[in-house]
Amino acid sequence: MNITTLVFILLSVMSVGSAIMMISSKSPVHSVLWLIVVFFAISGHYILLNAQFLAIVNIIVYAGAIMVLFLFVVMLMNLNAETEPIKNYRLQLVGIISGGALLLVIVSAVMKIDTEQLVEMKVGDAGLIKVLGMNLFKNYILPFEISSVLFLSAMIGAVVIGKKDDEVVNKPEN
Amino acid sequence: MDIKAYIILSLVLFTIGIIGVLVRRNAIIIFMCVELMLNAVNLLLVAFSKMHALSSAVKASPGYASDAQIFVFFIMVVAAAEVSVGLAIIVMMYRNVHTVDVNFLNRLKN
Amino acid sequence: MGNYITFPDLLTWLPMLAGLFCFFVVNQKKAKSTAIIFSLLIMGVSIATLFFTNDAKYLSYNNVNYFWLKYLGANYFIGIDGMGRMLTLLTAIGFPLILLSTVNQEQQNPKAFYGLMMFTQAGLMGVFMAFDALTFYFYWELALVPVYFLCSKWGGERRIQATFKFFVYTFAGSLLMLIAIIYVYMHTSSRAIEEGVMIPHSFSLTAFYNAQLSVTEQNWLFVLFFIAFAIKMPIFPFHTWQPDAYDQSPTSVTMVLSGLMVKMGLFGVLRWLIPVFPAASVHYKNIIIILSVIGIVYASCIAMMQDNIKRLVAYSSIAHIGLMCAAIFSMNVISIQGVLLQMFDHGINIIGMWVVVQIIERKTGVKKISQLSGLAASAPVLTILFIIIALANIALPLTNSFTGELLMFTGLFQTSIWFAAIAGIGIILSAVYTLNMIQKVFYGSVNKITTEVKDISLQEKLILFFIVGIIFFIGIYPQPLIDLTKESVTNILFRLK
Amino acid sequence: MNNIIKLVWLIPVLPLIGFLINGLGRKALSKTLSGYIGSAVVLGSFVLSFLVFLQVKNGASATVHFFNFIDLSTFKIAFDFKIDQLSTLFLLIITGVGFLIHVYSTAYMHDEEGMNFAKYFAYLNLFVFSMLLLVMGGNFVIMFIGWEGVGLCSYLLIGYWYRNTNYTDAANKAFIMNRIGDLGFLLALFWLISKLGTVQYDDIFTTASLAKLSAKDITGITLLLFVGATGKSAQIPLFTWLPDAMAGPTPVSALIHAATMVTAGIYMIARSNALFSLAHQTQTIISIVGLATALLAASIAIKQNDIKKVLAYSTVSQLGFMFVALGTGNYVAAVFHVLTHAFFKALMFLGSGSVIHAMGGEQDIRKMGGLHKHMKITSITFLIGCLAISGIPGFSGFFSKDEILAGAYGHSTLLYSITLFAALLTAFYMFRLYIITFTGKFRGTHDQEHHLHESPKAMTIPLIILGILSVIGGYVGVPEVLGGHHELAAYLSPVVKSAEHHLSHNTEFMLMGLSTILVVISISFAWARFRNYSIEGEAKGLGSLLENKWYVDEIYQKIILNPLKSISAFFNNIIESKLIDGAVNGVGKMINYGSRQLRWLQSGQVGGYVLLMVIGMLILFFIQLFL
Amino acid sequence: MNALILSAIWGLVMMFCGVFVKSKSIPKYIAVLGLSIVLISSMIELLTKKSFFHFGYNNMLNTEGFNLSFIVIILFCTLIYFLLTGSEIEKVGAHVGEYFALIFFVLCGISIVATFNTLLMLFIGIEIISIPLYILTGSDKRNLKSNEAALKYFLMGAFSTGIMLMGIAFIYGGNPNASFYIDKIEMGIGHMPVLIAVGLLFVLVSMSFKVSAAPFHFWTPDVYDGAPTVFTSFMSSVVKVAGFFAFLRLFEHAFGIVQDQWQVLIVFITVATLLIGNVTAVFQQSVKRMLAYSSIAQAGFMLLAIFALNDKAKEGILLYAAAYSLASIGLFGVLTKMEDYTIDGFNGLAKEQPVLGLAATIFLLSLTGIPLTAGFQSKFFMLMAAIQNGHHFWIVIVAVLFAAISAYYYFRVIQAIYFKEATKTIILPHSINIPFKIMLIVIAALILIIGVYPELVIGWMYR
């Protein structure tokens, strides 16, 4: 077992473990924190795969921006373990079983591949910022520009939905 | 590394996300689970891109191998946009009913 | 094709125009007379077509054919051959009769009523003239939808459910037919429509005749087509929509349904089903004849049990249609000729029956046989005319149905003596229920309900005399009708070889 | 010749015209006028028929073609008249007897109000028209047109007094029973068409085309034709309508239910003799059925008390005799008996009509008696009828009946003896009727007695004429053994080929003698039994069985009508509403039910939705990856 | 290209309009103007095959006639939608300009998914469609139903996005060309590679979700019911059809050659969709909810196009786009005028408002698929496509039998409109303005015209 494999296993255990913790912890704040751990682990994977740019972006965007936003909302709403709605046990079990079954089905199908395809670890220029930048601004200029529309609409959404203008009326049933 | 390891890893993460969606009732947590699913995808995409980087056909032009990573980049972009809208919706709901339980609002059924 | 207006054009567009006229142009009071005038005009046109029967010479007057959906190879193709000529004539005669006989009934919102009636006529005309499967299907449904509205709006108290059953039933059937049409279409051969432009498939009748279908394909396509037609006719056991619909519809619509619309099913079998699937027709013929024959006896038995005069006529109609269906599937010259004759005759007779039923219902306000008695004393003319029509309905010699039934039975006999014999029980049973009904309604002494009844008015007399006149004319001299349709029979049977 | 033949279309058309005038103008016409018109047209037909008869009696015959009724290039039905000896003979009977009865009716129906009176004559004329079509038709289809036509007229006339439900019941029964027979006829017709492709007599009754038929075909066709005949001619099992048909006015009974319509079956079989002669099994069946009918009806007639019912059963019985003759191949005898029977039975019916007229509508013989004093002409003519039907030598019935008996003897002794027995019964019940009605004391009310009178001339003259005919009618067929030439046989020979019976003259004499003696004994017995008739109590045993007509109607009710009704009820209540409609509505209900159940999937909870989605995914993955 | 860029630009214009224009009714006219421009420019592009904008987009979009004609149809239907119910949008809330802007962004997204050539563009397009829709669904902030619908829609939509991305990842992984271009996916010989198969399944599931095919349809009734009616109209018509177009485009170009390997899945989904949509719709009492279920049922029919994947299917989807959108828009337009959304609420409508009654009837007839309406033609082409495909013939029979069932619930409304008497407790719309009526008549006329002459629609794709 070389060091790469060891790191891989370590990161994997970390990400899976904290993911499980994320969905199982009672307090939403803990969940957010565990999720941040997952993201860090995944960033670790990226580094292992020599995708430096993504590793950084992942931490900045996800762990930094998005999760902070989450945390912020959770705090704002003052959610904690006591206010957390709990599903009944049986439904949880059904959920876990069906999710597990899905995993089982897909994994057992994927495992049928005979050929062993390797992943380039630690080396390679595909994930380097230069290559990515060239590619992004040469070939992917259109989606890059178009995603501005996405942000525009998200912005409008925040305005339309977030702006408080009327009090709630419980409209009669139609 | 064998690609299968990455596939399994991201599938496991993905499934944990799905299970999370299934077992939790807190809208924020569910949303976080979705984010987890997206991250699993990201990881898989990067792994695949590095796998393809090894194949002879792709080696000639490194741009191809980085396509997947650009895709991941776009996923993050979209996720960011989605989060802003999603949290706005959740906040709106919280403002109206003071809970984030997805089962609380249950007027629309049958 | 020239640029002049042809007969098929007139026969479809005139009623459509009349419908639009009734809907949008005239006022409520004039709608009725507009519809009647138009229907008489159409009758005139239809009679005129009888003088242009030489297709070689008058082909261009009798056909309309132009591209409709070019990419599909669907043409708007309507034309009149012998069979179509006869049935359009029946439709054209039927409608003025129906409208005139119900002229005294006040409809609410007559504009819509007569507009829809005229649309129905257009649909019927189109069905009888279509030479292109898609055109056929279009008109087939066009005839259905107005009837749905007519029944649901102006019918009896349970009209909505009854009509709805009728609608869904027929609609499902015709969708199945649509599938079969498409399937056959996919197996037609390509043809060139103009220089260098090939159309992969075609909906035209001839293309359908030449479609490349294996025997198994034919067999199940046949079933799909047949269900649509069987529901429309209707034959046992697809008939349950019918008594309800006849009972609940306004009488004039019932007349259209029973006198003209059921002919669509029979016509479909003759024009589309048998010629397109000759092998399957032979394959299924016995099953269908058995069904029909069972239906004859079955419907007759039920007719005997009916106390509602409208339901009685409805079930008697099922029995008659069963016989026609059985005769069609005997598939010989005599039987099919008989069916063609009978299609016309049955149309006239059943309209006559309804005219009388409608008069009785209007004059007495009841339709229960058990509540009526002794009408012969208070309305002798009505009685006599009705007896003639009823006897024509049970095929007494020298009335129109006799020749038709004689030929049908002759043809049926050639398939098997047993079919003819069991179907023949229907002849006896038809006498039983018809005579019972006559006895109970017209004979006996008058009761409270019937004592005030006045005999029919001059106008009603004229209508009924006209019907009786047709009954006797065709009964004594059916040859003109036979000559008209002879060629169609030959064409149908030619496909079977 | 040709001139007359060209005019034959007038023979049926004249009554048709009469029908139309009377029918359409029934409001405008006075009673006298419509009576005159009705009778005159029939007279006209009679005259024409007679002229035709003069032509054809020398052996000429013709088929007159008018137009093609149905013409499919492969198959034709022509509208033809066949003018030959057989049809002409029937023409004479129909128009002749028919005319007399029309005349009689003018008086008999005088009490009817104007419109109904005209209606009556219209129907009567229509009947004559139909009957003429029946006998003149040049093919089976035209015959069938007449065949159903007479059934219709019979229906209309039986139900003439439509207010009475019993009468209209009888009318329905008559029509329906006839229709059952008609179905047999039709099936035979179809069989012929499918085998020979034609319905024309001239084409069918040739050796060449008959040879095309297999033995099975012939048996089948003849049997079915015979079924048709049993309907029209009231044989077992379709005879019960005839007695009920007496609900109609009496002249109608005379014309339709005695003289003409009911003989249509005999006419048809005689017409098809070429076919029937080839079918020996059928012939046996015919004679057995005929014989059984003759016996059964005769036995019932013994205990009937309604004057017309007795005559009706006697008619059935006499028709049975005719079928025995047909069954033994003795077609001429059958036709001969039709002729004589037409005379004497019409006579007796009209006589009974006269009696009823006098009694003010009373038909029960128990309430009559001693009428001879009051109405001599009626009584005497009725007696002539009785003598004729009983087969007293010298009267017409003797010759015809004797011929039938001789034929039966030639066939088998057993057949002969039973037939003879039936003949004896005939004599017995006829004289019972006569004696109870016309002799003894009057048993009715005083009022009735006061009104008793002889009928008007219009009624008695036909009686007298028919009486004369009942006597002399038989002389057209005096057998050789009595020194005659049997002119009828000779006359019919071009059409009808009877089986030859080679009975020696001695045997024939012996048979005649035997039957005569027995008949006389039988009559005497009746005289002894009913001379001092008084109303009897309830009959018991066989008597009650006979009085109730062997319970045939009740049996039919039990074994045919009731099951039919139950089946219909079953169809209507169970199969139609529960099964078929139930299935159709069931589909609707099922969808509705499914709709209500499926709604629960839509729980409104995101977790539930996602769970279902995941399960859906699971299924899809499983299908795709492992199946 | 024209549509994509111009609608994005006009979305921006509308956004500013929302900021600077205070009047509530003006944005509608600006939107109609803008949409007309977009429509005309797209038509010009379709006819001349030249775009106004030239820059290298690396072949990520495919502006062939078929795709453009679809865009034109969509834009046209949206224009009709604006004209008919533009004034209803004003009533939803305060942010009129923003609503229009969001709709323009959706159109931008639709023009992406109609022309995408790479999975990336598909993904981005779908997101550009979805995100504004989440917002529009929740735009009636005061209404808890709207809140609930938005939340459900958002959570499930995000979930399905995740699934779709997983699918894309697998497809990428299984593709030796290492490309996201849909026509550069290698299927190998014989069975397709397992990775691609798994990816295909994920993508199939998420596309089924987008087009609300069973068993991934659960969001549809709730969201359509909860969203403001005027936006439901847009979502259930134009957007839904666009989803199908993307579905068809993806599966035709990416997986068309191995259709025999996944067709049975489509059969499964189609039958389930038809069953659930039609059967559940039967029991609905609210017309709005019934229409939601009926949209699932119609989706079942549209799935036949994916099932068939041939020329007729393409023609059919165009026809369906036009026919279904027009009828839905019209019907929802009528619905916005109703006080009471239950079926009984329609009682006696024909007497009170004959034009509304007649138009609604025509729309319902079209949805049922009665001949001479556009709805028939679209169903007809779908059936034709499915039969031409030649496999699993029985699915066609199932489809038409369910179509017959659909008559049941559509006709219940017709029955209410025409054959039932209005009860006093139900308030029928009183004053309907003339332009609205005219628009209804125009839509009805269009439906009839397309019903008689469908080449009006499908003729575009052969230009």
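Every chain is named by a letter (A, B, C, D and E) in the order it is written, and numbering of its residues begins at 1.
FYI, a contact is a pair of C-beta atoms (placed from the backbone, for glycine too) under 8 Å apart; a residue touches a chain by one contact, two chains touch by 3 or more.
This is a predicted model, so every value here is computed, not measured.
Participant: Can you tell me the least number of steps between subunit B and subunit E, where a step is a move to a chain it touches?
Facilitator: 1
Participant: Which two chains does the highest number of contacting C-beta pairs join?
Facilitator: Among the chain pairs, A-B has the highest number of C-beta contacts.
Participant: Could you tell me which chain's Cα centre is nearest to the average position of every protein Cα atom shown?
Facilitator: Central by C-alpha mean position: chain C.
Participant: Looking at CA centres, what chain is most distant from subunit E?
Facilitator: Checked the centroid distances; the maximum from subunit E is D.
Participant: Could you pull out the chain whose C-alpha mean position is farthest off from that of subunit B?
Facilitator: D
Participant: Between subunit A and subunit D, what is the separation of their C-alpha centroids in Å?
Facilitator: Taking the average C-alpha coordinate of subunit A and of subunit D, the gap between them is 101 Å.
Participant: Could you grab the centroid distance between subunit C and subunit E? Build each centroid from C-alpha atoms only and quote it in angstrom.
Facilitator: The mean C-alpha positions of subunit C and subunit E differ by 42 Å.
Participant: Suppose each chain is reduced to the average of its Cα coordinates; what separation in Å results between subunit A and subunit C?
Facilitator: Here the centre of subunit C sits 69 Å away from the centre of subunit A.
Participant: Centroid of subunit A to centroid of subunit B, CA atoms only: how many Å?
Facilitator: 5
Participant: Among all residues of subunit A, which ones touch two or more of the remaining chains?
Facilitator: Residues 87, 91, 94-95, 98-99, 102, 106, 109-110, 113, 139-140, 143, 147, 150, 153-154, 157, 161, 168.
Participant: Residues touching two or more other chains, restricted to subunit D: which are they?
Facilitator: Only 599, 602, 604, 606-607, 610-611, 614-615, 617, 621, 625 qualify.
Participant: Pull out all the chain pairs that touch, please.
Facilitator: All touching pairs, sorted by chain label, are A-B, A-D, A-E, B-D, B-E, C-D, C-E, D-E.
Participant: What residues of subunit E sit close enough to touch subunit A in their complex?
Facilitator: For this pair, the touching residues of subunit E are 4, 8, 11-12, 15, 55-58, 60-61, 93-95, 98-99, 101-102, 105, 108-109, 112, 120-121, 124, 127-128, 131-132, 134-135, 138-139, 141-145, 150, 193-195, 197-198, 286, 288, 340-341.
Participant: Hey, which residues of subunit D end up touching subunit C in the complex?
Facilitator: 67-75, 115, 141, 144-149, 152, 155, 159, 162-163, 165, 168-169, 171-172, 175-176, 179-180, 182-183, 186-187, 189-191, 193-194, 220, 564-565, 567-569, 571-572, 575-576, 580-581, 584
Participant: Would you tell me which residues of subunit A are touching subunit B in their complex?
Facilitator: 4-5, 8, 12, 15-16, 19-20, 22-23, 28, 31-32, 35, 38-39, 42, 45-46, 49-51, 53-54, 57-58, 61-62, 65-66, 69-70, 73-74, 76-77, 79, 83-87, 91-92, 94-96, 98-100, 102-103, 106-107, 110-111, 113, 116-121, 124-127, 131-132, 134-136, 139-140, 143, 147, 150-151, 153-155, 157-158, 161-162, 164, 168, 173
Participant: Report the residues of subunit B in contact with subunit D in the complex, numbered from low to high.
Facilitator: Listed in rising order, the residues of subunit B that touch subunit D are 18, 21-25, 30, 102-103, 106-110.
Participant: Give every residue of subunit D touching subunit A within the complex, in rising order.
Facilitator: 607, 611, 614-615, 617-618, 621-622, 625-626
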